[in-house]
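Below: the structure, in structure tokens.
When the chains are written out, they are named A, B, C and D in that same order, and each has its own residue count from 1.
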Amino acid sequence: MAPRFLRRLFSSPKDELGLLAESLLSERGEASGVALARELLTAYSAASEEVKLQFLLQLAQRFGADLKRIDQEIKRYAAAPGPEQARELHEAAESRLQELLRRVNLAPGGTAVLVRMREDVLRNCARYPELKPVDADFRHLFVSWFNRGFLVLRPIDWSTPAAILEKIIQYEAVHEINGWSELRGRLDPADRRCFAFFHPALADEPLIFVEVALTRALPEAIAPLLAPARAPLDPKRATTAVFYSISNCQPGLQGVSFGNFLIKQVVEELRRDMPHLKTFVTLSPVPGFRQWLQRDAKAVFSASEFESFKALDRPGWHESAETARTLQPLLQRAIGTYLLEAKHSSGKPRDPVSRFHLNNGASLERVNWLGDVSPKGLREAAGFMVNYLYDLDEIEENHENFAHGGAIAASRHVRNLLRAKRPVPAKS
Amino acid sequence: MAPRFLRRLFSSPKDELGLLAESLLSERGEASGVALARELLTAYSAASEEVKLQFLLQLAQRFGADLKRIDQEIKRYAAAPGPEQARELHEAAESRLQELLRRVNLAPGGTAVLVRMREDVLRNCARYPELKPVDADFRHLFVSWFNRGFLVLRPIDWSTPAAILEKIIQYEAVHEINGWSELRGRLDPADRRCFAFFHPALADEPLIFVEVALTRALPEAIAPLLAPARAPLDPKRATTAVFYSISNCQPGLQGVSFGNFLIKQVVEELRRDMPHLKTFVTLSPVPGFRQWLQRDAKAVFSASEFESFKALDRPGWHESAETARTLQPLLQRAIGTYLLEAKHSSGKPRDPVSRFHLNNGASLERVNWLGDVSPKGLREAAGFMVNYLYDLDEIEENHENFAHGGAIAASRHVRNLLRAKRPVPAKS
Amino acid sequence: MAPRFLRRLFSSPKDELGLLAESLLSERGEASGVALARELLTAYSAASEEVKLQFLLQLAQRFGADLKRIDQEIKRYAAAPGPEQARELHEAAESRLQELLRRVNLAPGGTAVLVRMREDVLRNCARYPELKPVDADFRHLFVSWFNRGFLVLRPIDWSTPAAILEKIIQYEAVHEINGWSELRGRLDPADRRCFAFFHPALADEPLIFVEVALTRALPEAIAPLLAPARAPLDPKRATTAVFYSISNCQPGLQGVSFGNFLIKQVVEELRRDMPHLKTFVTLSPVPGFRQWLQRDAKAVFSASEFESFKALDRPGWHESAETARTLQPLLQRAIGTYLLEAKHSSGKPRDPVSRFHLNNGASLERVNWLGDVSPKGLREAAGFMVNYLYDLDEIEENHENFAHGGAIAASRHVRNLLRAKRPVPAKS
Amino acid sequence: MAPRFLRRLFSSPKDELGLLAESLLSERGEASGVALARELLTAYSAASEEVKLQFLLQLAQRFGADLKRIDQEIKRYAAAPGPEQARELHEAAESRLQELLRRVNLAPGGTAVLVRMREDVLRNCARYPELKPVDADFRHLFVSWFNRGFLVLRPIDWSTPAAILEKIIQYEAVHEINGWSELRGRLDPADRRCFAFFHPALADEPLIFVEVALTRALPEAIAPLLAPARAPLDPKRATTAVFYSISNCQPGLQGVSFGNFLIKQVVEELRRDMPHLKTFVTLSPVPGFRQWLQRDAKAVFSASEFESFKALDRPGWHESAETARTLQPLLQRAIGTYLLEAKHSSGKPRDPVSRFHLNNGASLERVNWLGDVSPKGLREAAGFMVNYLYDLDEIEENHENFAHGGAIAASRHVRNLLRAKRPVPAKS
């Protein structure tokens, strides 16, 4: 039972969650923290969407920093500015929510519920912007808790528990997995690998995973990699590891970045087990290409060129040799422009996948015409796929150049796309 | 290799660690964080005490908060005070060391080295008070990282790996364990239990452990519990679980409290496995009694009473029936006074063990005359031991009363000690 | 390479396997047993069906007992009959195949290949009766190797590796599992359990498994137990454990009986974890009923009664209330007769499922009309299902009575079936 | 309770064990095998030595083969001799004890008790030769159950559970381990390895283990290998793996040989993990040398030579340079003779350690003068130690030559010992 003064504060029965939260931050919380935290977790998990939202809004209203204390510390800092006083100021300006979240985590299973709670926050942020500081507090804590040093890399294969495998099916975000038979095709053959990061407090929940194909050459298209009847390659003969799908699993961990670490550690693991692997490369989608082409590429093309892109709306255009022949040079110039010149509001490349890999220190190695002719691949990228190369000797320099000056590391092949000849006009 | 501008900053070869730290916080650190962190960890571990200290002092000088940014944010806050701006201020006032420590943790084994690094900080704090903010930064991070929700309780028994058991021998701080044979006597008999908290990132390092004896009554003395030749009790017949030793293992985690959680979870585990257990009690030392008696108890006793305490300095006084008879009533009043009335500078009880258990919500159940007649027990506590009772129904109220008003929960037996009659003077 | 004299013996390249087998039994086998065994296993696994068969036939021809040695030992036994000489005779009469199989098992993975090898033997036994002694040798060894004391009981649930779960789907022999979603419905709900025996040398291969439903009453039909949308029962409220499917997984272990041990240990496990379970019962098929009815039941029924069974051939007969009403009394008498009186060539009950459970010491508790109206259930058992009761207090006596005198333990309900009134003939 | 007829057979209360054994072989045993087996195991474990012996003698008397059945089968065999009838004869001549032991193994922990039961048999065999067939039955079963294919190799190191490590201390039979600190010195340094075979049914009981030192040369003496303060070698720099101690742990498994398989698998493991290891060699004692020298070497030496061996009885002889100089050539000829020419009753070499390694296919590589100057080493072997070389390319041929013709593979160094010059007699 909560102390009387707290009950007065939270008048309605709907306020149970707020009441528990205040209790948890009180003296009582110190003695019975685990029990109270458990109660709060159970109550939150069982609550309706409406009650949850109300609680989250309370977090925003009542669990910010102590403004009086901030005023005091600002005065003290003014009197004696310096690192020591800065620490006091830092502490004073910490929101009470931070401590609340740490205490909620006392109970078994707390971390998992907190991750789902942030999902709820994120989902409501657009409509209730007052939740943004709440989200920031969650993120701040998660960045610390889900620090790389606490993550565990585990291989995912056909001897992985089904409870985890079903999450792989569910979370795969790049090339959908339709059922267990397809899943097996991705995990079980001798030339396939899959790795995921786990956190000890979320034992059965992968945080992010990457699917890898072992091959003898840079892959040009996704379909042959996923073909159900293909004959697996003897891994001893492989020269190349292809990262063809990387998926985040926990929406509640948005903004805590794992992908960079995952790819690099997987490269290390693969090299240790198979020293004969020489090339580490992705086969990646280009999710923003068509949108850019339609909305923002007018300036780059002549009117007739731009007009010709309408052909892309025709179903099956890529199966017509004629259309393809006409469009290919133009589209190659377009994708080159998109990848090398189109910018995001941040000044970085417009394509999100490109931003991710280039920031990791990878380079644009090759653009593949008709690499993904699935409906999604055609709709988003006119069928293009990209190989990003992870060359360990170049990664650091690439990243530094990219981070400081925005320089994009790209092979000559990719650079040449910009210079692709315009198709000769029919009449001449 | 570090960028040139950094190399200029850190001129001498001794500055390698500082250089690595700056690199780790730079852009380069984002691309090659794991590698840089590994390098820093290796270099630190291999460094001499002198170089380590120099590095720690650099942390204090160079890795505080960004004072310019604080000034800006204080201005902004003044313009628009409120929770949102408070967050910005909070972030601005965070020391760079926090981020550095998070990045050091990217490398495998990072957490363990960081815990040892804080040991180094703590050891040097007295001589170099400028290290105090560094220590505070470590502590702040460790409180978050070693949150209860991330700890794992594991039983320690005779099937535990030797590498962990030897640490139990080494870290036992209350009743020394002399070798493997004694260790086995504490772990292996059917009426003994031992539990420890572990953190996933410090896999083989217990953080804190507690030793438990199952008995049929409140124990009066430690020697019978530790007797090598005793016949073990059938655990099905036990009614009482005695926590007779609790030891912290990691000096580097000072100030991150585990004991309260450990005792309470062990109570839960024991109750689940042995529902017939009714009483959960400690058999605890009273480490500060003699010191208080000598230094601060003069006012409480008559001159002749006080004089008589000198008998305690005579070796073997407790074996003389005569001396013991004379001293017992006086000492019982003294220990009652010490436990119930002597105060620490914080206003809480003077005895540290007492502060710990009372703050956990336990109560003073019984004082045991000649409970520990080992040299240490006589030297520190004139042979007294105390049973603190963990009554789950009272814990929360006890803690709240203790935390708010300083009220000490104590049995009538303990309260009565204060009223113990003065020994009748011989002549009168 | 095999010694020359062996190569002469096995002239054709097809004889490689025989050659390896002889080498393995020779001196050379003692020094290089593991390597030779590995070679033989690899060669056998890769061989064509024809080569395998030829090898198995060689085992029959060349790897029997040493007849000369038998003659000697018979003479010696005649001279001094008694236990000691019996041992010599026993050893002399052991086939060389026994030792060969033990040596094949030296190599990693040997046990698994030997189990599959016996599958090959069994499949060919009908056409090649000379393989029967080979089979007997395998069985003799497997009875010893797969002794109950070496089996490990493991729960099968949704956190079991997929590689094992797919075998559950594949091996389920009673009520087919169509895919992973149905499998999950059998394993994951709170009121379901599944257990399997494993052997340490066949780590990922279940030997036998049983599926259990927790209920509040004796179940009458299989469909509600398997219904996809049913609401699971809180296991704390369950009173009854229903063994509704038990399947052997390894054809190569035919004749090595696990079922009896499995059911009894699962009863023990369930009682320990859920002491509130009171009843342990099966819901079992009656696979031989229709066949007996057609082939052997003529004598038991009047001609018109017998004629009326033809209705069972009409699809959907069980959905017609009229037909069902007419047939039910007659069929109940029939199934009572089948279960209680129809005999197998061994003198035991004719129904194989009945023989199994009665021999385990279970009793015939209830017969369920239209308990399984699936095509298979109607085809084999006219829709009947049976509950066999495992009453731990009765098991031993039931088994002894059954084993010695053939007495069938049956409830009054089942006994009464025999006395079911004949339907009153329609007046005509 | 046992059936009445059995109780009559076993009249005294001491016969409880025999009674349980008969029950277990009866029909009742089939239904309640696990329970009966458990009862028998408990009763046996709790019985006095006398009762145990009586039971073992009953096993010899009452649980032999069925002699009537043997007579029948001998007749049938005479009528139709051949492999099929041989199988029947084999089965008929099997003792009832075999089946009894298999049934005892039904209960959890059965295997462990059976192994200890055979220890009891072996201990009593000398005084009660009628136990020999009982022992043979045990051995026959254990050879099958403890087949190489069922053994699991596990590294033993400092993270092994203490319950296993204390058995390593206890079972070490070659170079005694005095306490945990010495144990750590054998397991924990980077240049040490230890491996043991385990059987899944005896989970915490090593069957046999071998201790390995990594070095850069053939070792000449044991003391430097075991020196407490030595600086460990970086394993990457090692070229040689030295097997310096191999100990069987289970007296009850006498005659079931593991050592050959253990050494060869450890060689495989080490080569896989450290491909830079080139030489696999033992440092072995010569336990029978002195005994042979005293009892059987007279013929080989001149009277004065033989006389001079008396010096070996003087304590500290090896520390006198004079004595050592005089004796060395003579003793080297002696040990050469012992190793290469002295025969056991079996016709194989007289030294048991030599028989073991030569039969494994190893060769005599080097004899080390004063390799073991511990009291035991001097007493048994006049300080000599031997390196046996495991050269994988030679093992098979060595073994075959040794097994067929008794040829001993030995280096030129060892062969030359035979030709060692006799010391020139001092002119006098």
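The definition used in the following text is that contacts are C-beta pairs under 8 Å (C-beta built on N, C-alpha and C of every residue); 3 or more make two chains touch, one makes a residue touch a chain.
It should be emphasised that the depicted structure is a prediction, and the values quoted were computed from it without experimental measurement.
Taking the mean of C-alpha positions as each chain's centre, the chain lying farthest from the centre of chain D is A. Between chain C and chain D, the centres computed from C-alpha atoms are 40 Å apart.
Inter-chain centre distance (chain A to chain C, centres taken as mean C-alpha positions): 51 Å. Averaging Cα coordinates per chain places chain A and chain D 60 Å apart. Under the contact definition stated at the top, not a single residue of chain D touches 2 or more other chains. Contact topology of the protein chains: cyclic, one closed ring where each chain has exactly two touching partners. Two chains count as a pair here when they touch; such pairs are A-B, A-C, B-D, C-D. Here chain C touches chain D in the complex through residues 27-28, 30-34, 60, 64-65, 67, 70-71, 74, 77-78, 81-84, 86-87, 89-90, 93-95, 102, 105-108, 110-111, 132-133, 136-137, 141, 143-145, 147-150, 152, 200-201, 261, 264-265, 359-361, 395-396, 398-400, 403-404, going by the rule given at the top.
On the chain D side of its complex with chain B, the touching residues are 158-163, 165, 179-180, 184, 204.
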